[in-house]
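Have a look at these structures, which come just after this line.
In the two assemblies presented below, subunit A is common to both, partnered first by subunit B and then by subunit C.
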Partner chain A sequence: MTVTAVRPTTTPAPARRPARFRRRRTLINHLLIAPALLLSVGIVVIPGLLTAFTAFTDWSGVGLDANLVGLRNFREILADPVFGTALENNLRWVAMFLTIPAVLGLLTAWLLLRRRRTRTFYQVVYLMPYVLSPVVNALIWLSIIYNPNGGLVGTLNDIGLPVSAPLSSLTGAFYAAAAVDMWHYWGFLTVIYLGAMRQTPVDQVEAAIMDGADSWQVFRNVYLPSIRPALLLMAVMTVIFSFLAFDYIYLLTQGGPAHSSEVLGTYAYAFAFSAFQFGKASAVALVMSFFGLIASCVYTWMSRKQDD
Partner chain B sequence: MRRSRTTVLGALAATLTLTLSACSGAGDGRERLELWFWGAPPEHQKALETALVEGFERAQDTYSLDINFNNAVDKNIQVALSADRGPDVVYGSGPAFAAAYVAEDKLADMTPYAEQYGWKDRLLEPMYESGTIGGKLYSLPNSVDTLGVFYNKKVLDRLGVAVPESYADLTTAMDKAKAEGLYASVTGNKGWKPVNLNYISIFLTHLAGGKATYDALHGEAKWTDPEIVEAVEASAEFYRDGYLAGDDYANLNFVESMQLLADEKSPFFIGPSLGFQFASEYFNDEAGNTGDLGFMPFPNVNPDLPSPMYTLGATASLSINAASDHKDGAAAVIDYMMSAPFAKEINKTWPGYWGVPLKDFDLPAAEYTGLSKEYIGTVGKLVSAINEGHYGLYPGTFFPPSTSTTLADVDGVWLGQVGAAEFLTKVQASFDADKAKGLVPPAPEPSN
Partner chain C sequence: MTTRLKGIGAHAVLLFFAATALFPLALVLLNSVKTNTEIVRNPLALPSTFTFENFVTAWTYGEFGTGFLNSVLLTGTTVVVVLTCSTLAGYVLAGKKIRSWPVVMVYLTMAMTVPVQLFVFPLYSIVAAVDLLDNPMVVGVIIAAINIPFATFLMRTFFLNVPRELEEAAQVDGVSTAQFVWHVLLPIVRPGLITVGVVVGLNAWNEFLISATFLQDPDQQTVTLGFLSMNGTFSTELGAMMAGALILIAPVLAIFVALQRYVVDGIASGSVKG
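== the complex of A and B ==
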């Protein structure tokens, strides 16, 4: 049997617009996106290209005099052990932020999912560190937690529990700074994950329960697949943010002691604003951007794969 | 109706006039000048407004002055000068800071103003020369600064020790303090890594001697020479012995350290004389403990050096923006800041930051109260030592920027991350790069 019937259309096909109308429409569309485009080009693309160019010069950051030095800046930073420390710390930062706050956020979101009446309150509380300025958060931790005279560290020592101040330690300073950043970040992840979980179709959850799935199985087999796009997006954003890490390290340790907590951001900042070596700072910035770019490409690739 | 319309029009005209006058300047026909300054505490901002702005505006009737206080002043100035914008009077971290801008023609040649106002005759020669490049004047230090030891007499009495007169006395007193459960000394680099420069400077001045640093800066010696290596190693030993706040060096800043000194948690605070400005909050006549605080130059580690020796530095530098439309006015402000009346007035309320580098710094100590009295006396002694050439050179003031930044990494040696010789090889490389760019500022020659 051959089916030849044509499916009836409820709406008639739109009449072909005149070319003049289409041109006008296109022009309006271009005009509408022009401000955002100009802003992006002016604030992101041009400075980005200039930074890439500067990485191959000896520009001091003052004036317009700069000489092309080829790959010298890259050779010098690669030969500097501090660069290795900074890069390693950034990679550690990525590893920590992809696990600790993500797991905490996911677990908390799951628990809050059942607290229908109080979850708004908890979300506000958890989100509070995220909306506070990094300077405020850093000062709170410096004064109340890490301070050896009057802070938690000092109090523990006073009551006979010997605790060394983490910011003085070659091994502890980096983790002490990361702890503050994670404390400020995990609440944000909680809110994002909770929002995503709430979008999970209720019938799927109910069907799983009807089938006898326990709480963990519902989470593992229903919620997790449902929030996969959110998890993926936040993971990629976390990788990008981790390579741009600067504020908490700068505010808490300035990369010290002895560069032990240095990250690429603080390493570049010192070149730019202390040593007047913008060329080297730009080279470091390019390396940072390279890792962010990889993360973005991975995300795009995975998104496309998912769409297919 | 007509009357109300007239009233509205009148009000609009008055508003417009006021707005325009506010936009056009001070409103009294004066040219408006701008100075960007670091974000000093409110009481110090008020002191500067009174002593500088009001004093300057009283002293002449051509210019008015606005001061913009901001903690990110160095970075803001760097960005503004790069764009040929910024304040008329450029406040910087010292002559080394200015040298980077001179290389890019961002600062005006002040030599004609120096001649007009007679600055060379009025100011300490080494400090005047520190601001010259190629024989032209580009910056003047606002204040002489040195490194020394603040001590709490009460704590010393409790420990049963006298004010140290030698390096051995100092370390003995610090050992006693440690044995009593106190900090050997209080200080720290929390929030400001260049604080490290203070403690390498102390050993460069008091062990290697000022001449060794001077020779290295002039290419007549290497940074890797044995006496400089020895100084770096000695600073590391000093740190490892717990003489720099023990384990809390990275957890303290100057304000907290001064508070701990006042709280009798340590007999000493080792640091720059600008520490007087932080001390005034905790040692004052109101608290009745002004007399507890004393200041002494750091004792020589090398007994062959003349005593007392001082590490010579500048608290900040003042220059004229090459892009300013009011260069004459900016020079007038700097001239006022280099005068005895300004020094006399500002030191009444803000000790520690305004040891104006006058050849005749003979402010009458009897007219001052509180810590200002002690500070005035300290600057007087420092000026005498400068005139005799008994000083070393502070890196933040006299070293080029990259060299200074590399030297601030000395905590790597202190914490055993890198050896002194390897560290100084890196310093030498930074210095060579700075020198190739013409960024080495002039430095006065010490006698030893």
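== the complex of A and C ==
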């Protein structure tokens, strides 16, 4: 690492200098990495650890007045039927996001793989909803599509199709919100999968074609195994983010009507900022993060098994 | 002949999905210049007359003037903080310049998966206790902290492309650190800086949960929050809502299309680590 190792003749300094020089360099390097670590620890990790602690208290979120209450917060949320609905909805969310956007992403990526000229155009178009704010996307769907007075749903009613307003339906509101999130999200997967498919070694593809494989077989036996790491990573990310889903539900339904579209994210948020029960909110947040943690562990375990 | 048919079929599928992605956005464009009665009659019809009043209404009642200012302030803070921190950290990690670099890498991987909901409640109380709520720059720093791990990993891969011999040769030749950074390092990692800047910038601009929680004062709200506040009073004024949406969509899509190469590369490369 030191300059002396490369060109001894250019460093006539006494032997003690490199050691001091190296110590100074080490100090500088630690100073360079410090801002990133300090911000991350101070803003993400320490409050995160506080959540793990406040989940066992009756903290209201204001001041330092908090009493340890043991597992009471967890017992109370487990006894709340809304918690069950929310957890169930999160599991539905996982199932939907692991399948629908993944299939759309794979299909479009596969079709774009051999279209060199139009590839960029389609990727940009597919990403457009993805780069827009959830607020904007949600309000567009809320006012011009799902709206029974002036939206597309209203028009369908006018021409005689009896479509009920999706967002005020007990069974439909949850899926209506999920649909908007998926509409905004799947293009992201197209770009990821296409990027991964393009890393597939050309000779493997050519060998398969030489062996007389048709395009489905090439996809199935060459591309799919080749993008396995990307598929796996995205699946894990999907599971983690499905337990944290918040924006689209909160903006489109607020968890309603009658808590039917509640997810753990909106459930926790209401405890903190409507009921000022930060202890309970923390308990729910801990449960949500726990599911994400399981997904991360499964991922680490699977990728290690793959390396063996 | 069959390959030709297949090609047409493939294009039809691709076009269908492009239409799905664009259809709601097209409705916004179409209805932003229509009067409310016209929209209620048929949102799919072409406008018979063009009215630009909707844009004035949206701009005024959504407080887009202050909103854009606050959004720029918030996003600018995030981008500057993330670029500074992740460039410095990425440089150190790529060169394995500290002995504890593997520990730092593991830490950043873990920090990347910490969900917002796990730290937002205590963080809110801390920020409220030190009287820093309703400050877009504070929210900018918080969003920066969330983005730093991923940005550091991305910058690190760009610094890995810098040959170590280059730095050693520069030291031997007596090139000052400043000159080396400016004339050698910067040109090599510039694409990385742009990628991180635009991806993190979009994240900050679009962020909802933290901004909505930490910015309650209408004078300090971002432009998306101002638009959201219109929804209550203007939910029956569809023309104004669509015009507001268009005002928010246009600049973001313009920047995205101009820098699409960096966004697409950033997304595609970020996942193919393994």
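A few points about this structure:
The working rule: the second predicted complex is superposed on the first by the 275 of 308 C-alpha atoms of A that agree within 3 Å, B and C clash if a C-alpha of one lies under 4 Å from a C-alpha of the other, contacts with A are read in each partner's own complex, and residues count from 1 in each chain.
Just so it is clear, a contact is a pair of C-beta atoms (placed from the backbone, for glycine too) under 8 Å apart; a residue touches a chain by one contact, two chains touch by 3 or more.
All values derive from a computational prediction rather than experimental measurement.
Once the two complexes are overlaid through subunit A, subunit B and subunit C clash, as defined at the top of the document.
In the superposed pair of complexes, A:Val44 makes contact with subunit C only, with no contact to subunit B.
After overlaying the two complexes on the shared chain, residue contacts for A:Ser168 are found with subunit B alone; subunit C is out of touch.
In the superposed pair of complexes, A:Phe273 makes contact with subunit B and with subunit C alike. Of the two partner chains placed by superposition, only subunit B is touched by A:Pro148; subunit C is not.
In the superposition on chain A, no contact is made by A:Thr99 with either subunit B or subunit C.
Looking at the superposition, the partner that touches the larger set of subunit A residues, subunit B or subunit C, turns out to be C.
In the superposition on chain A, A:Val62 makes contact with both subunit B and subunit C. By the touch criterion stated above, A:Gln254 is placed in contact with subunit B alone, subunit C being left untouched.
One listed stretch of subunit B collides with subunit C once both complexes sit on chain A; from 62-70, 116-124 or 242-250, that stretch is 62-70. Comparing the two complexes, residues 61-63, 142, 147, 149, 251, 273 of subunit A contact subunit B in one case and subunit C in the other.
Per the touch definition, subunit B reaches subunit A in the complex via residues 74-75, 78, 81-82, 100-101, 103-106, 189-194, 247-252, 256, 260, 265, 401-402, 405-406, 409, 411-412, 414-415, 417-418, 430, 437, 439. Looking at the complex, you find that subunit A touches subunit B at residues 60-63, 65, 142, 146-149, 164-165, 167-168, 170, 173, 251, 253-260, 270, 273-277.
Put simply, subunit C touches subunit A in their complex at residues 10, 13-14, 17-18, 20-22, 24-25, 27-28, 31, 36, 39-40, 42-44, 81, 84-86, 88-89, 91-93, 97-98, 104, 107-108, 111, 113-126, 128-129, 141-142, 144-146, 148-149, 152, 168, 171-172, 202, 205-206, 208-209, 213, 224-225, 227-228, 231, 235-236, 238, 241-242, 245, 248-249, 252-253, 256-257, 260, 263-264, 267-269, 271-274. Only residues 3, 6-7, 10, 25-26, 29-30, 32-33, 35-37, 39-40, 42-45, 47-48, 50-51, 54, 61-63, 104, 107-108, 111-112, 115, 118, 120, 122-129, 131-137, 139-145, 147, 149-152, 154-155, 158, 183, 187-188, 191-192, 194-196, 199, 229-230, 232-234, 240, 243-244, 246-247, 251, 265, 268-269, 272-273, 278, 281-282, 285-286, 288-289, 292, 296, 303 of subunit A touch subunit C when the two sit together in their complex.
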